[in-house]
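Following are the structures in question.
Both complexes below contain subunit A, partnered by subunit B and then by subunit C.
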Partner chain A sequence: MDYVAIILLQTTISIANLVLISAGLAVIFGMMRVINFAHGEFLMLGGYTAVIAAQHGVPLLLSCFVLAPILVGLVGLVVEYLVIRHLYGRLLDTMLATWGVSLILIGLVTVSFGNSVSGISTPFGSVAIGRFTIGLYELFLVAVTIALVVAGYLVMRFSRIGLIARATMQDREMAEALGINQRAVYRATFVTGAALSGFAGALIAPIAGVVPTIGASYLAKCFITVISGGPAIIAGTLSASGLLGGVNVIMTFLSTPVLAEVALLATAVILLRVLPQGITSKFFRRSQ
Partner chain B sequence: MKDMQRRHFLGLGAAGLLATPFLARPALAAADKIQIAGIHDASGGIDIYGRPMINCLNLAVDKLNAAGGVLGREIELVNYDPQSNMQLYAQYATEAATRQRAAVVFGGILSASREAMRPVLDRYRTLYFYSLLYEGGVCDRNTFCMGSTPGQTLEKFTPYVMQKFGGKKVYVLAADYNYGQITTRWIEKFVRENGGDVVRADFFPLDVNDFGSTIRQIQAQAPDIVMSVLVGGAHNAFYRQWLASGMKDKIPMASTTFGIGNEQVLTTSEEHDGIIVSYAYFDGIKSPENEAFKTEYYAKFGDKADAITEGGAMTYHAVNLWAKAVEMAGTIERDPVIEALETGLSFSGPAGVTTINAQTHHNTLDSYIAEVRANNYVVLESFSQQPPSDTLAVCDLGANPNDATQYVVEVPEIAG
Partner chain C sequence: MKYPTVTSGRLGMAAMILAAAWALIVVPSGGDMTLILSGSIYCAFAILALSLALIWGFSGILSFGQTAFFGIGGYAYAVLALNIGDTTAAALLAILVAAAVAAAIGYFMFWGRLGDVYLGVITLVLSLILYRFINQTSGSEWKIGKAPLGGFNGIPSTPILTDLQGAPLWPEQIYVLCVLALILSYVICRLLLATGFGRVVVALRENELRAELLGYDTRLYKLGAFCISGGLAGLAGVLFANCVFVSPNMFSLATSSQLLVWVIVGGLGTLAGPVIACFLLLAFSNWLGTLNAGAWLDPNLVMGLVLTLFVLVLPKGILPLMQAGCDRLLAVVRHRSTAAKVMAQEEM
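So, the complex of A and B:
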């Protein structure tokens, strides 16, 4: 009985983790169709912010909820101003340019802080479920992710910002004709995406640790999630994370961690063969 | 200054190459210096293992040069950084052997990197020293393995850990490449010989840093002991997640790798206190040689330098053993130097006395079992002059000098 409970719980944690690390990318890709290869490095910068701040005595939650989003958001603003705004609508060029940005960020962080930094311990301790125990911080991350998704939904559904965002996603030219400044919308979107990534990176730092190249461990998973999710940002990320995270955890329990990664990729390949535009191109279409 | 000269020399070399298309090597300027190469990761995910090894290599060469070099000639060391990229290892090995014409190559960290370089250096007949602990079994006349192998550590370590924790069920977590796979087989062998059982072994690619599902799986299996064969910066996350899941005090842990990259400094004491490890060198060894070595090391590289690891200490031994052999042979030519090494040369240094075993080209060395506590090691047990029993059982270079294989221990596969 506790075995079933723990598998369900672990699945929830993995799904939430996927949602959390993909959110920033989903916003940028969903809104702007910009393939941001520096996404992993935005996560990494968030993690470094949390770790360096913790070494200077700043409480973890303060750096997660305030410092990291602001700092990485600012980095996003600079990257948008210097690189991205010149490349809107040029999908392949954005890939190449953001890849360059990612290499620069890895280089800068390595030069500034070296290749290995001691991490921060995971806070909050653990809780027992039958013969299993699970870290409370992991459950805390699930709660934060749920709050993030609900907040995202409310903003998109009921606020003026959400209305502008949805209008832009559905028909850019029409929105522009109605007097919405597309440049400003894009800049805000990119900065929001970067800030979200910084937020996520800081939150997972106490579990994953930080190294300059950590972004590479996340990038592929995030892209697969976002692309499999399809056009709707929230429903797409949720459904793809649910499917892929679920497959990953269940396969880890049934076989080995390596085969679980293979199963995750295989699921994504089959999914994109059947639904080339992602899950939300066919299901949950109204959620756009 | 040294760099300047080198650049100048390279410039000359390039000019010479351009001017003479007949491969007349511009070796004249270098004739009085002995070229040697170091190939270790100074960047990328594996650099935590590389940095102390590079420091020790530089220190050993500087000391030899300060004492007048070898055969009265100065040694010129070129350090290559393969950036934790296996392809670059083969490339730099080729470069060291052909363009630089190194007399000897010191290097390799992951077993994958050693196996990338070994055939290259065999082909160019360039002497090769590998100084990190590894899974054993390399049988190659051109290669000398300085680090400890499972027969020197795990054979004592496994029963020690099983007895200390009163456990028979062992769960193995290992890096997914040759070192992790083969070491896991050795662990299975020694666990079974001591009446226990490996209940499950999980393998992880080097970039995995999420161990949540695995930790639940360990909880489901409820082993008595967890054995970590995890490698590199990303895998370090395991120790943090293990503590966060509240498992740290429930199931004891032993490791064949924790600390080889100075993980005891990169993790907190709550994360690592009580992990049991076994190596052929700890920086806490109390011997005049080691104290002197540590003083020189920190004087040269500063107080904040990476702590000295087994890989670092054995690199230092390797350079000195090579220098001794060259003096003995009276030349830097490969074959006479190998023959000199095969006379059973010894070096007494920071890791005690290590002696080349002629039959396997491995080291006879002292090994230790220690507990990690508060960013340091507490030595619990020591074993004097352990022969490389694993490789001795399969390798005889005296009888088969042309052997160049890596033998793998035969353990029947277990289910799960």
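So, the complex of A and C:
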């Protein structure tokens, strides 16, 4: 009985994790149709912010909710201004340039903080379920993710910003013709995506630790989730995370975490063979 | 008397032939071991650059994870050679294995009709996951036949190719083999692009819909090009395994990004450009390494700056730029000489 409970909990945590780390990428991809290869490095920067702030005595939650989003959002603003805005409409070039940016960020962080792993202890302790224990912090992350998704839905559905966002996603020429400033929307989107990534990176830092190259280990999972999910931001990320997170947990229990990642890729490749535009191209089509 | 017209293309050809002659005749007889060893590795990487130049520059398929086939070629060679003993057969089989993996992945990507972005992401994720997978195979249970995979240490006991008598090749012989393989790969790519198949591939890079409406099954042509490119990358992996040994770094993100930088710096849509850029940039980063200039010359930082700047400022790459400059210079020279002739005639 407690075994079943622990598997269910692990699955929930795994899905929530995927949603959390993919959210920033999904916002940028869903709105701008741009794959941001520097996403992993935005997460990494968020993580560094949390760790360094903690070393200076700043409480973790403050750096997660305030410092990391602002700082990484600013980095996003600089990247948008220097690189991305020259490349709108040139999809492949954006991918290449963001990869260049990711290498630059890895280089800069290595130069500034060295190559070693730093971490902070996981707060909140743990709770026992029968023979197993589970970190309370991981449950807290699930709660934060749920709050994030609900907030995202409310903003997209009911606010003016959400209306503009949905209009741009549906038909950007028409939105432009109706007087929406494309440039401003794109810039705001990129900064929002970066800030979300910083937030997620800071939240994950106590579990994962940080090294300059940690971005690469998030990259695979995030990309697979976002492109399997397809164009709709919330529904896509949720459905793809549900599917892939489930596969991940089951394969981890059956074999090893790395083989689970291989299974993740296999699932995504087969899925894209059947639904080339992602899950939300066929299902949940009218969702955000 | 008629002189052949001097064009930048012919000048380039002459320079390439001179470079090949130097690499094949002067270098091995000079006996400089460092040059011979690093030259072999450079040639293996140059073939890898060629494989990406072919698939990206001429078929318009951006394979971010070309290193997946590079690593698969190397690992397949090492595993097969340790198991069957015959290194020549292992080398040929390894190239086939790399091409077969490319075919399998290509089937899902091209029959799913994935767009450019998705192709890039899927291939990149493939190499990322292979990197992580190979890295954790250090336990003794990770064995294929007689070959231990060795985790992050790689397979240091990778066998070296043998000659007809069964003796392992000398480093000089490996070097000559690598140079010859590079020249052969270049010629194969050139010939391939001149065939009907190559023309269709270029046509679908220009406009896939139009090629499809003309009655070509673009998926098959893309798959063909992807397989050939995967096989070439596999060959590069086999040669690399012979120069060094196979290790997870063959799959690493650093290798992938270097490879992209070579192609984009050399010039997209050319074959010689990426090869030249590969040699120059490898030599450049070696030289940077010897400078001891402190931490600011982090390789990632340098690569990232080069990549971003080229995408923003010079997306066509250096070789097309040099060709255009050379053509202009030649035109000026020709114009002057005709003008001089005309003036001389007028004076008479």
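The rule is simple: the second predicted complex is superposed on the first by the 286 of 288 C-alpha atoms of A that agree within 3 Å, B and C clash if a C-alpha of one lies under 4 Å from a C-alpha of the other, contacts with A are read in each partner's own complex, and residues count from 1 in each chain.
Basically, a residue touches a chain if its C-beta (ideal position, glycine included) is under 8 Å from a C-beta of that chain, and two chains touch if they have at least 3 such contacts.
Not measured: the values here are computed from a predicted model.
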Superposition on subunit A - do subunit B and subunit C clash or fit: clash
Which superposed partner A:206 touches (first subunit B, second subunit C, both, neither): first
Partner chain in contact with A:254 - subunit B first, subunit C second, else both or neither: neither
Which superposed partner A:150 touches (first subunit B, second subunit C, both, neither): neither
First, second, both or neither for A:78, with subunit B first and subunit C second: neither
First (subunit B), second (subunit C), both or neither touched by A:227: second
Which superposed partner A:161 touches (first subunit B, second subunit C, both, neither): neither
Contacts of A:8 with subunit B and subunit C, given as first, second, both or neither: neither
First (subunit B), second (subunit C), both or neither touched by A:273: second
First (subunit B), second (subunit C), both or neither touched by A:86: second
Subunit C clash site on subunit B (candidates 8-16, 170-178 or 332-340): 170-178
Subunit B and subunit C contact sites that coincide on subunit A, given as residue numbers: 110, 213, 216-217, 256, 258, 261
Residues of subunit C touching subunit A in the complex: 62, 64, 105, 108-109, 111-114, 116-118, 120-122, 124-126, 128-129, 132-133, 136, 253, 257, 260, 264, 295-296, 298-309, 311-312, 315
Touch list for subunit A against partner subunit C, complex: 33, 35, 83, 86-87, 91-93, 95-97, 99-108, 110-111, 213, 216-217, 219-220, 223-224, 227, 256, 258-259, 261-262, 264-265, 268-270, 272-274, 276
Subunit B residues touching subunit A - in the complex, by the definition given at the top: 43-45, 47-48, 176, 202-205, 207-210, 212-214, 216-217, 219-220, 222, 233-234, 236-237, 240-241, 243-247, 250, 261, 265-268, 270-271
Footprint of subunit B on subunit A - complex, ascending: 3, 6-7, 10, 13-14, 17, 110, 115-119, 121-122, 124-128, 131-135, 137-138, 206-209, 211, 213-214, 216-217, 248-249, 252-253, 256-258, 260-261
